[in-house]
Amino acid sequence: MSDLFTNVFLSALLFGAVTAAVPLLLAGLGEQMSEKSGVLNIGIEGMMLMGAYTGFLGAYLTNSLWFGFLTGAVGGLLVSCIMVILCVRHGLNQIVIGIGLTLGCEGLTALLHHFQFSRTYPRLPAADPTVIPILSDIPVIGPAFFKQHLLVYIAVLLVFVATFIYRRTQLGLNLQAAGDKPAALDVSGVDVFRTRAFAVLATGTLAGLGGAYMANIGAGIFVPFITNGAGFLGIVLAMLARGRPVWVLIGAMVFGICLSLTTALQVAGINIPTDLIQMIPFLAVMAMLIMFGRRSTLPAALGIPYERGAR
Amino acid sequence: AAEVKSIAILTPEEGTDYGWNQQGVDGAKAAAKAAGIEAIVAQGLGYGDVRPTLRELAEGGASLMIAHASGYNTAAPEIAEETGVPVAIVDNPSAMKKGLVADYTLSGHEGAYLAGRMAAMMSRTKAVGIVVSGEPPSWNSQSAAFAQGVKAENPDVKVIYAVIGPAAYSDAAGGKRVTESVIAAGADIIFGQGNGSSFGMLQAVETTKATDGGKVYFIDVIGDKSPIDKGYLLSSVIWNIEPVYAAMIEDLKNDTFGTKSYSIGLADDSLKLLKTPQIPDDVWAKVQTLREDVISGAIKVEPIFEATQVRALMSDVKE
Amino acid sequence: MSAHTATTNAATDIDASHAKQARKAFLKRIAMTLGPILIALVIAGLLLLAFGINPLTYYSYVIDRGLFSPSGVQQTLTRMAPLLFIAAGLIVAFRAGIWNLGADGQFLLGAVTAAAAAPYLADFLPVWLAVVLAFLLATLIAVAWSLVPALLRAYQGINEIITTLMMTFLGTSFANVMVKLVFLDPSTTVPQTRTLPVTDRLPRLFDTTITSGLVFALVAIIAVHLMMTRTAFGLKLRIVGANPRAAVHSGLGVPLLTVAVFAISAGLCGMGGAIDILGVQGNVRANWNPAYALMVVPMVFLARFNGFASIAFVLLLSVMQIGGESAARRLGVPNVFTLLLVSIVLIVLAIAEYIDHRHNNSVKA
Amino acid sequence: MRVLSERSVSPGDKPIITLEGVTKRFPGVVANDAVNLEIRPSEVHVLLGENGAGKSTLIGMLSGLQQPDEGRILIDGEVRAITSPRNALALGIGTVFQHTMLVPTLTVAENLLLGAPWWQRPRKESLRTEVEALSKSLGMQVDLDAVASDLSLGEQQFVEIMRALLRNSRMVILDESTSMLTPSGIEELGALMRRLVERGLAIVFITHKLREAAAFGDRISVLKLGRKVGEITPERFQALHEDDLVTEIVDMMFGKRSDDPENGKRAGTTIAEDAKTVLAVDGVNLPATQTSPGLHNISFDVREGELLGIAGIDGNGQKQLAEVLAGQISGASGKIVLDGRNVESLSVGGRRDAGLRYLTDDRLGEGTVGTFPVSMNFLLKEVGKPPLWNKGFEKTSDIEKHAERLIAEYDVRTPRGHTPVGRLSGGNIQKVVLARELAEGARLVIFNKPTYGLDLANTLAIRQRILDIAAEGKGVLLISTDLEELLGLCDRIAVMAEGKLVGMVNNGENARTEIGRLMIGLEE
């Protein structure tokens, strides 16, 4: 039985964990930025789904994964534009619009899939990994972490970019102020609308990219409802991490590893009912919530539209 | 004799999945056409409550309503009782009622058994995988029979079993991820069952090399994916449901509806293995002989529907 | 004498103008609801046209099935029962400032409990008692399920949006486990609970197929509305929701009230699950998750947490679901179009509500 | 106190900003009604007016937060619209708002840096040198690394003034900046304003304290109900004697009435020797936290009809004391006896029922629910009690009648009983809270800064209420940072410092100096 657990299998499991974690990471990083700036972006599931669809379409039509990522990001961005206009510009209820957008994207992408792909189910060719020399030779870990698609490294890099933005730039200060006390940001001469709009658009872009990764690399195909609640998990991860991007990375990896663990346990033939095993990822996140959630105070103005001079 | 004017079929997903839903819809259409009657298709209804649809179809004058999902087998007999319109259901023979409720619990286990034999013959790495996106009874019986077939052919071939996740029917990414892990664990043939997620499995098979560096093959179930194949589809356990529906129409006409069970089987090719160019002739010939043995009863394959028993079987196989 | 008539005249004048104003306000409300729906229909209609489908036919089918055909409207009303219970549960929570996004999990656990308990209890109790007990048990279990986020929020200050979202993921998974491993009906191969026979379910109304659950649901949501707007307890919850510091200052036991809110809210959602099982479904299958709450949440917001308005919006949702499915089938549109329709109606209604709100504010100036 | 004679720079002739017929309406009120105003360089222009007179609204339009409905604004003689706060800053208008406008979670430095182009890295080092330079020339000190929420309100005001100056403003607006400062802080701010006008800046200074206006101003404009009702030019200002000036302003603001609150002494009541003790506090302790000094062995008592004042610089545990007495914070030890009955174990509601009332200083934050109607805010602490609730159900019309009665009795200026309380001006919100706390059954009332931010008329009215309560034989505990207020009203005054009661002074001849010495720690 244990002869199954070869290095190849272990690194495939880890590889799978990374693949599952990347969309969550991108979505979580995006959501985190919205939340930091005071916008609760419940529409992120829809943005991911749209990104998955447009990303797949782009990659399929041009045969270029990178073009697909571009169109995926643009797809998410377009959906977030609606959120910007309605919720940031005009202060409509973020939960209503968020759910509305999610339902709409679910319906629209499934419909488009039906008319375009439901007879042919096109699939993309395998993605070329970017192999990092030396590191990729480490047994188990090497092939899992250092033979990934370039976008994976970029996603991890984004964690540090986000950290840099939050800690070391005016934009970071603006975002935090927009979430904690938008009026103070406004009177110091920074446009709250623009700051929040930037955050929401960034969220849409990242979520779209995450969706595109999921469709183009995670699955290699688009099927309706492919995101399966990943956007909502992104929300949980973002809230759990509060302001720290590294925590989104940790949360996403924990989730991904738990998913792989469920596969490992099954392959090992450990006779626990599959359904029980499959609760592990959720239990893990819940445990993290209980352990670390206490510190996760949310921005004071989260979910509250800003209106200049209102009392 | 009752007049049969139209039959209606209700499916949870669109009938374009090269699988369960498509086989149902296509079968119903073909049977209706053959009988010269109308076929009404209500597809993509989801796994929720279908009572409103059943009532509307009954009101609309359907002569028979085929509830083509095990999840519909509580609602449909109730509506039959309420409206007097006959229904056909799956996976619940005990609900049969003359003139009102017929059951067509189909099991592809005999076909899956043959698929298992074939997989064991062809596996280079001496390991095959079963990946499923859920554990409904009809899939369980095929998973079990496949494993039994493998073991019967060659006890040294390992069977690796993995479920993607709860309600992961549309989780194509999960399908690909889990399949890749199973391939990495050594499998070079994947027996895959799942709706949307099975396309992720197919994708994994197409883009991943087996541990020996060779090609990985995919064995599908119920439908025929060869129109969209890229040369990795080894076979499929095909269910042709048309004869079942045709028999139901006949029984309705003869007032014998609801008195017998319908099934598919190897004998009349309503259950068969798909022949693809990927199957070498000698293997195919051996499988054909085995098929005769199953038909004749020389080989007995018992269906196993319980998920726990299926899993137990997998660990047995490995030890 | 003349002075007397003058005053009565004035009084009737005032009455008349009052009535006029009330009527005007009412008509405006109707217009503000129907107008946006019309606009939404036009937008969705354009989409249908793009797919080559005549929108007028589509809508006539939706309306016909969802609202005007006798058996169709019965389906619509039956579907409303669980939705209304969820709406009632959400109103309590949202008005108290608790963002309970875990209604789906609570609903499912209630459903599973009712489905497991009713047939079992019916074995040795009178059926009516078994049903009542199953209903209560379902409520209790749903309440218990909400205890984790409730206690975390009340005593640790952990934000309930995350915990309830997470508990929904966990709850659907857990309900599934319970169905498959614990409450499995041994007589069938399909993983589902034992089935409560049709005759043992909640009675239907008169000669229709409408479940009497609808009556309970209406009572529940109206009771909740009155509780929140007319009673001291409701006021206390609203104070906690609007300004928790003011609640502390006023001597309200905020943590306890928070737990109470969770309990009531989850209890009502659990009742929704129970009513759906005991009235309509009869059993729960593995992996069954209608995810009603995702659509009810925005409806409750659009209704501004008002119980009566929620009834109207839930009716609208129900019509779209029942009628949309029918129209899609008759026209060969994939059923997912209904999702798109709901989404467009939601967003346009939200915009209309916003414009109305703005307008009201500027008019009062 | 007047510093007129030292003026070196004469006020410039050309106004920086001219308002012509500016009108601003809000739902139900005309906040500014055809206001004309000129603001000139090298001049402190004081804006006076009752609560709700429209001062902050006017400032809102100058700082770009709001747009006038009618009228125009001229800047350097040209008609310009001030479209946004950013625009206002670019035009050289810096504002210190009535309510703090610092991001609580950012440090002082980060708050000061807000507003630089978004793509830049925060220039902390150059900020440090700039701040140092300013600090030297202006004599202000700020800790750049402190998190804003840890600062006292006074310190926050200073940071905001600093921010306005760092932006090279030509004009600085201070909206009630002195209300949070200690007497010496006020003096410092006055001196700072003088130094700024000497550099040629224009200053708009809003205050409710006439003496400050007289001491620091060059020109005074008075607003009443949104209209400008009068202006005192620098020439007249210089010519008038301080007391005449005050009288003239009071006339403008309130019509004929000139009782200056700061002269109002309590008619020397004497508390009977045998008066019963209403409240006895014995050995109350509360652990210190990061933001408060805690309480250390506090003991005192209040007798029937007695007005006990608590003096001290803000943040020395006064609020904690009030909250411990009211039962709002837990973790305290010691005895609290009300009318002979131990109340330490009672809840907030229980203590209220027993007759202990607490009028908080945080009207909007905890005193009221802003979105609820006035009528409900009257009853926030009585929810569910008969007769306005019958078995838990509210009697809507009775509640409205009750509200109408209180609105009339306490002269609350509100359009209707169901107007959300948050829309009222500060003074009127305070009246609502006051009406609530003085309801039936009060035995001892704790007032925490009851007149903070209120105009003269409201201040007088509330002080009269406080005197009335004591006259009715109830006990009063009056916490205030305004020494004049305490000296004017109280029988005895306790002084708090660092969470301790450092002394108790009988009000009389030498009370002022004694308290002053205690406050700055000269006597133990």
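We just call them A, B, C and D in the order they show up, numbering each chain from 1.
The criterion applied here is as follows: a residue touches a chain if its C-beta (ideal position, glycine included) is under 8 Å from a C-beta of that chain, and two chains touch if they have at least 3 such contacts.
As the structure is a prediction and not an experimental result, all values here were calculated from the model.
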item: Pair joined by more contacting C-beta pairs (A-B or B-C); value: A-B
item: Gap in Å, rounded to a whole number, between the CA centres of chain C and chain B; value: 37
item: Averaged-CA centre spacing for the pair chain D and chain B, given as whole angstrom; value: 77
item: Inter-centroid spacing, chain D versus chain A (mean Cα positions, whole Å); value: 47
item: Chain C residues counted as touching two or more neighbouring chains; value: 173, 176, 180, 334, 336
item: Two or more partner chains touched - positions in chain B; value: 14, 135, 166, 307
item: Overlap residues in chain A, where contacts from two or more other chains coincide; value: 114, 224, 273, 275, 278
item: Pairs of chains in contact (touch as defined earlier), listed by label; value: A-B, A-C, A-D, B-C, C-D
item: Residues of chain A touching chain D in the complex; value: 168-171, 173-174, 176-177, 180-181, 183-191, 195, 300, 308-309, 311
item: Partner chain B, residues of chain C touching it in the complex; value: 65, 71-72, 75, 78-79, 172-173, 176, 180, 187-192, 195, 198, 209, 280-283, 285, 287-290, 322, 325-326, 328-329, 334-336
item: Partner chain A, residues of chain C touching it in the complex; value: 51, 99, 152, 156-159, 161-163, 165-167, 169-170, 173-174, 176-177, 180-181, 294-295, 297-298, 301-302, 334, 336-344, 346-347, 350-351, 354
item: For the chain B and chain A complex, residues of the former touching the latter; value: 14, 16, 18, 135, 158, 160-163, 165-166, 168, 170-178, 180-186, 196-197, 199-200, 202-204, 206-208, 211, 227-228, 230, 307-308, 311-312, 314-315, 318-319
item: Complex contacts: residues of chain D adjacent to chain C; value: 25-28, 327-328, 347-352, 358, 360, 362, 365-372, 376, 380-381, 383-384, 389, 392-394, 396
